[in-house]
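Take this structure, written in structure tokens, and hold onto it; I'll ask about it next.
Per-chain residue numbering starts at 1, and chain names A, B, C and D are given in the order in which the chains are listed.
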């Protein structure tokens, strides 16, 4: 940690701050600059609250050198984490996992048609929302428990593990019992009580990046789960919010190599929420594979014009098949096999 | 609602969509353009899922004319809402409410010193965090129930209603019992289960804007609370996230007149989280008063350099007093009295 | 164009506005809504200033239905534009063009080593900056005319057309004489005098997207060039500015299929400026190819640690070769050949 | 400057980099951390290109301690700069300057009516655009030389210095001859050739912040002007671009105290472009005064519904008068007088 003092700080004030660190067992180095004095603090500073130092009127700013997360940090865990979901493994460098299914579970008929379609095209995990975080209180809120049970039945039928989004603490038991991979949605990425709760299970967690959160904040949210004892975290990027409104979100695929440098956790991409428009999903999906994603999560619907949510971004089954055809070939070139 | 078709849409496809609306009892008007056909749908479209229409390959885009919120909308509720908090009223055009106190309740000694200081300077509501949403799992997480009880005792002592942040469903009863004004924090603005739960009480709710949410999304979150039967919503702006990192958030005060046009709910400003830097708080606070805010919520600490959270943005008590001196005079000029 | 009136607009005010449009020869359709009145204006509205209508106190908002650009619009020009640069063609659906070279031309030795390296690896256009837009006045500003002449000589030597950035009107003649493809940089995307000036030539123009400009604004800047008589515009995306600071810019590759829907102009991707970090360039480049880019522009340096600008994002020649190896194979899968 | 190395950097690589700095006459301090090695470089590093160090595969990141601008930096110029414009002074702590006038000069009649109106209401500088940077090539581009001459005549008539926007190098002489305060618009904030050119004059320059530029970049653009020998720079903030589209721009007034900390240059606020909506202008203007702005620049029109540009954000004269009435009183409270 580096503390830069303001110009003309009295020596005694520097000493006071140096002392506050040495008392915590940290080593302090002073660099006397031309205009600024700077101190470097050596040791584990992850528990230091930088804000209280910034409150000091003689301090100009505080810069962290080390990332504030430990358990999610590749430096202390150099090998890739591989997370078991049902019989699958997510995060292996030579494999690519495709998760597909409807935005919302709407009915048995709908789910079976889509489930059968995506399974045949090569998807290996079935997605489906049962509790839906909708911006408007007047929008379809999901089939809830009925949706979870239908999804579980479909998963068994098509021999696919299932993933669904958990929105609140009071449904945790239901999810632990029925769902193979528990999704924490973008809007809940910083719902710390929920993170702690899923951290107390051993279930695989799919942690979506908040649409306005930095990569560092995302890894700190993963750290909440890891720190509570659950190592089974899979990251899922779905785009961030920017000034550009021509797409629903702005998806920067360089997040894939970047996260792989900073962390050992697997990372998958959600091209559907990123683009918000089915006409863009194929391009973005192929790009994500080429960029090295460990998996994709794609919304597919048998009849998007009648979907109760997110129809605009859902692929029809035949378009999903076409995408899978190309995707498998690109995966091969970068040394991955769709499993 | 306006639907713009792509060029060369077959007439039959336009008819299908027109029919889907008339079957819902809505009136449809066709405008035949030079290059585009457009239909306008008249009636209550707030429950229509626009995404399913955008899924139609013949549709270019869908535009809402009416705001998607009803209960929060000034059009259907022209007079200002005035919300009772303890003996105070928030939202009256000729009054200005100052909420002040520490970021976190840390100890009895700290809270009493700050409480006494802000009361004397003219604040009328006491704030203090007991459950803290911290980005890092290693940061101070708050005194929890002990903090709530201390805050309640301080509120009674200084005759100030109290406000504190609720982070999860399982603490709702505790807050309903002890807290006068329940804060929903920025990170939980779209935690819909929490919104529904506080909507089922009659408690005044301070709904912070998410740091990456649009004004429309914010009013839709208010709508969740109102729609569940609780009319007592106060909006609180605390800045949004942008590319500029010189301040913690970017606070646009034009949100005040804008929200007052769109909604009848009171709006207060949090200059502390917005700027993240105590040296900026006075300027921003005076500006917020001049812009017509119904209130301010300001972080004050007796010893910011030792604060367990947000020290950098906390005013010392003497600086808070100075701000109050100027703020009262500016309030007068725009016809408000600090109560 | 759609104009939505405020609630309770007097009929006479609607009439006045309707009349103002009919006097311009446009057809006006009124839709009487439950709460709002809306008028739809049919005809060429591209020259209408919407702001003056928004100034009307009875108008709530104005929405354009048609894109405000005409010449860049695919609707009026359905076939792809293919732009000739030297002996190459940019924009053909089955070809992929690789532009490579140093950020800045620094010396003959540097340029020849890089030029030879990228040519051998399969690049077909040589890039090199001679006039450099640097954020700091104290940074290296480029070799200027000497750089242009060196670049021209290297282009001749390696049989590659050359591209370089034009920063001001007074150098236009120099560029027209010596440079094959004139780049307008991101910071000048809305320098309209420069756009008009290059629009008065017939030179191919590489128009970078401003790092904070919408796709619509970008196409309107292209429209300035096209409207002045120069049809040879190639678009180049280099990422936009967002709250995320872990990368230099945020690059959303869905811009490729999106721009191809909206416009007939070719689009190439600059992965170097987008990521700002050479370790990310390979992933992003492969992704851009998979997403359907018409070309890439990549910064390559023989000795990045000694580069006078943008060393951090420059690939070494061997890394560029590795990227080209994989890139060619991915291009093949989506039906393109590197030429 | 601080360089953080990656974990396990070989000692020889640290030595190489240390040597590269000592050869430039800079002092280097090594801090041996638990996981990271860090070096601090002392001396004038403003001319160091950090990117080449980041290119080093052993370097994790480079952080500047000192701001990269010198002449604009308050540290080296502690007293406020006060800039003379005609007979006025901009930047004095006890004065407030109001600039007002139309977006575009449209006609003698329009300009005289507005000029007389704003003069009577208390404005002291007359604004008017003659060369207009319009997003669309089909929009009104300004009266050009005729507009400048009309503005000059109106300025003489009403005894107000005039300000207008310069868009390209070739009109510099015209502006130097006729205009009292030369505006560099937001879109040209990083048009470095234009900055150098106005830096070679002694004219007062009004430098608008680009709508997507950081405060640091803005001050570096000021540095270009100062470094070329012109000390007469006035900064003008007009809001930045964010995800929120309910206003034209997002204006954070904490920029005022922040810029005053970092720089000695005066700062004025443009509430019209910031909000894009005349109904918000009064609130934002009063807020800017309360926040400590050295001046305001406000668009006023005699007939906004017929304005050829930016009608939506233009105040009518009577609304401007009302704003001035309140603004003067708020200015008094913070110790300023409208001159």
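The rule we apply is simple: a contact is a pair of C-beta atoms (placed from the backbone, for glycine too) under 8 Å apart; a residue touches a chain by one contact, two chains touch by 3 or more.
Keep in mind the model is a prediction, meaning the values are calculated, not measured.
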Pair with more cross-chain C-beta pairs in contact, given A-D and C-D: C-D
Maximum centroid distance from subunit C, chain identifier (CA atoms): B
Computed distance of Cα centres, subunit C from subunit A, in Å: 31
For subunit A paired with subunit D, centre-to-centre distance based on mean C-alpha positions, whole Å: 39
Between subunit C and subunit D, centroid-to-centroid distance (C-alpha), Å: 26
Residues of subunit C engaged with two or more neighbouring chains: 212, 241-243, 245, 277
Interface residues, subunit A side, partner subunit D - complex: 2, 4, 7, 29, 31-36, 38, 40, 42-44, 63, 65-66, 75, 241-243, 245
Subunit B partner contacts - residues on subunit A that touch it in the complex: 46-47, 49-56, 68-69, 133-140, 167-170, 187-188, 190-194, 210-212, 217, 220, 223-224, 227-228, 241, 277-278, 301, 304-314
Residues of subunit B touching subunit D in the complex: 212, 214-216, 239-240, 242-247, 250-254, 256-258, 261, 274-275, 277, 279-280, 282-284, 286-292, 326, 329-330, 333-334
